[in-house]
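After the structure tokens below, expect a handful of questions from me.
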């Protein structure tokens, strides 16, 4: 059977500075990251013949292609679900190259998430009418969805706020080594986490991601072609997407065993021929700490309900933890680029250029948001 | 008075210079500082040479109608009809197109290649609209 | 029964607001797929879409039954009784209408008719520190305007 | 280079009833999507459990969650094509790519629309009337009254007329041919309403030089297709329709404000590049095409596409429409044989793909004798896509 295992590589990465107010539009940021990624790969702009955008995006492929001076680009597609979709963009790029429709594809994500400088335009897509079942009751912010799932996890498994906090503190510690992280200069202890203000009980401020302005991009091409390029290619062992019926749309039910993230992990490990123990460094979409904990369970790094104890005791903290997590600081402390920052960091780890470099890291795993249709990657050096 | 009863544009990062120019009654088009190519609508990077260096350059405001339509059926109540929409090619560069309306001109008079020049109209305290009028 | 962990972990905001709850938030828009639900609320009945073939309830409403792939569905009146499946107290307002409303509670109620049959609502008669997972509750109807009546919940013993 | 030529096939097609603003369908877009997808699965002889991929339009609110929740699907591939009407064939193309790469076994590509309940495409700009201002690049068009796709297309038309001497009669030939085809198709909105060139010329002017019958309809309905590998296709219910080629194309288009106001002066436009990629992959030439399913948002864009797809030279699209060349049953290139968007329904290009498959199964309402190769081209004036199908 056809497989994409080990046939494709990430050969270039680029990103902007991450900030609270960039003063630049999403288009500007996107072009900065994209051109940086292409240059990093040692390619010319005109070598790019595919563009994979991400939802929701206010920067479209035609505008990018025009700015790059591409006379003709034969592959462009968008992925679904902001935080769940980013790794899936690379999967689509691979499908496009495998079909002979492109050779080198750039994937990108650009956000004025903090400054809101770029206003939303008009969409022909109708707003989901199911919102009528949530909004009138005050279920508005993503934090509230996460809070309901978190509370249920605490009830079911005895998980504590301090355990959620362990994830936040680990990410902050990693961000303190990363000059591009928004929280670079600001340390955090578990007590700081416990003292931070309540947003949506049991979520405290430091359980929530940092909205950011910034963009990130990478170039995907075949492993064959990658050999001749400038950078040490990071091989894509596995890429996958997953969406399963959740039957009740409201919040993630942390007690359900078969969900999008467990389905994703099964696909990824089976394609790569690996098991969780083979993963040297883990990048998990971290908009809210409880969801990271649930994703770690769903991916099989620990059993259902044991996420709390698993993340305690420094297991996910660089440099000594067995499974360093979000080593750039993640959305929680580096800044939320909708998970594209996680892809960039995984590549840096395997190139040996991370600011919190895991010694001899050979296998990195990237996992998109849980609770929505998601996607992920397993990469190797 | 605006030509049409529609809300004005909201300037965004790349277009601010353009609309500030309109307030000064100048048509300011983005131009690459390296290769000199004009571009409109404004974007951060030169599509011809991929340079980030650009400046807002005042142009003559003269051009000719490249294509047009006379809208005879408005798409929502409150819009007048008929009205015209023209695409103008500015004289500075082949293919340098800008969308607008020709004001003070009967629909039957408008034709392709008709010479036009820019004119301005303050519509709100923040926004001055540009339009075109028939030129000699 | 109180959940020890909930009690242990909970923050204790100062006060609680009773009806009218969360006035000023956007109300549901009329839509063909959901009209029966809101009409039921206007009659002060909680009606949930249910598969006519296998009897499985589904909320939000959708065209096919994902269990047995049947297109046959009916709107079935349910008891309105359930228990709190999860809850949160929102302390950070993100909608202008909420500025004076926080803190407010948000609950996910599991109805007694079927495991996993849940809906989002609010408890109108509870202080934050009184809410716990498993707390029995039943529906009450709040007329927001002549078109829209919302299902909220109150505790039962 | 390795391509997907003849490696995947369309094995199921499904469609719903079609409605219009005047005769709206009561079903929601969600229900219509499920109906069309289920119909396509039944047509293929598959079950819902077999489906593991979904490709949709970025403007379709039936996201994978909704579809999985109602159809009970476990999905391992999903994505969105952009640019509205330019993206229809891209959904099929990416479905084929996923199959070819082993990322899924059976992928559904679909489009569902309820313009009567959601957004009517010709009237979307009315939403801006009450705003404080027009955000983003739309600020270059809407304040000047360029607010509907028809108006953008009209600018293209006036320019084409000026450059090449094209006339309203030329555009009318396209509308009349499609209407003739719709008169064969009981599911077409205009099934029982014949139209002459004179009727066309008498239809009201919308945005000069475009008339009412130059414009597509605003419709309700859904269409879906199932794509799988040729190996799996062998064991299924229907005769497989092979995907010979699938491609997309976008070009450097610096001055476009992207409301279909295409610049007809450009010879190597998006459809020209698309055609080159399609013919190269399929290893055929334009003369090999038996039926053309060309996205007809407006007649002028069909005319531009006929030129760019190589059926005639640039600027000769007008005369090419003459003499019944586009009309079933005797024309040499029957166009949009279900009636297309102009006369069947506007399902964003997907009803054209469905009709193309029916032609190759020999089950089309206006069946072209011995049709072997069909070219489907998605909308131009935006980044576009296309597929070539064979029996």
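To keep things simple, chains are lettered A, B, C and D as they appear, and every chain counts its residues starting from 1.
FYI, a residue touches a chain if its C-beta (ideal position, glycine included) is under 8 Å from a C-beta of that chain, and two chains touch if they have at least 3 such contacts.
The structure presented is a predicted model; accordingly, all values stated were derived computationally and were not measured.
Counting steps between touching chains, the shortest path from chain A to chain C takes 1. Here the CA centre of chain B is 32 Å from the CA centre of chain D. Measuring from the averaged C-alpha position of chain C to that of chain D gives a distance of 42 Å.
A straight line joining the Cα centres of chain A and chain D is 34 Å long.
For the pair chain A and chain B, the distance between C-alpha centroids works out to 41 Å. Within chain D, contacts with two or more other chains are made by residues 66, 68-69, 72, 128, 135-137, 252, 254.
Multi-chain contact residues of chain A (touching two or more other chains) are listed as 66, 69, 118-119, 245, 247, 249.
In chain B, 10, 12, 47 are the positions where the chain touches two or more neighbouring chains simultaneously.
A list of each chain pair in contact follows: A-B, A-C, A-D, B-D, C-D.
Contacts from chain B toward chain A in the complex involve residues 10, 12-14, 43-50. Considering their complex, residues 23-25, 27-28, 31, 35, 45, 63, 66-69, 117-119 of chain A touch chain B.
Taken in their complex, chain A has these residues touching chain D: 1-4, 53, 55, 58, 60-62, 65-66, 69-81, 88, 91-92, 94-96, 98-101, 118-128, 240-247, 249, 263, 267, 372-373.
Residues of chain D touching chain A in their complex: 1-4, 29, 58-61, 63-66, 68-69, 72-84, 90, 93-94, 96-98, 100-103, 118-119, 121, 124, 127-128, 135-138, 246-254, 256, 258, 268, 273, 277, 281, 382-383. Partner chain A is touched in their complex by these residues of chain C: 3, 5-6, 8-11, 13, 22, 25-29, 31, 33-34, 38, 58-60, 66, 85-92, 94-95, 98, 101, 104, 106, 108, 116-122, 128, 133, 144, 148, 150, 152.
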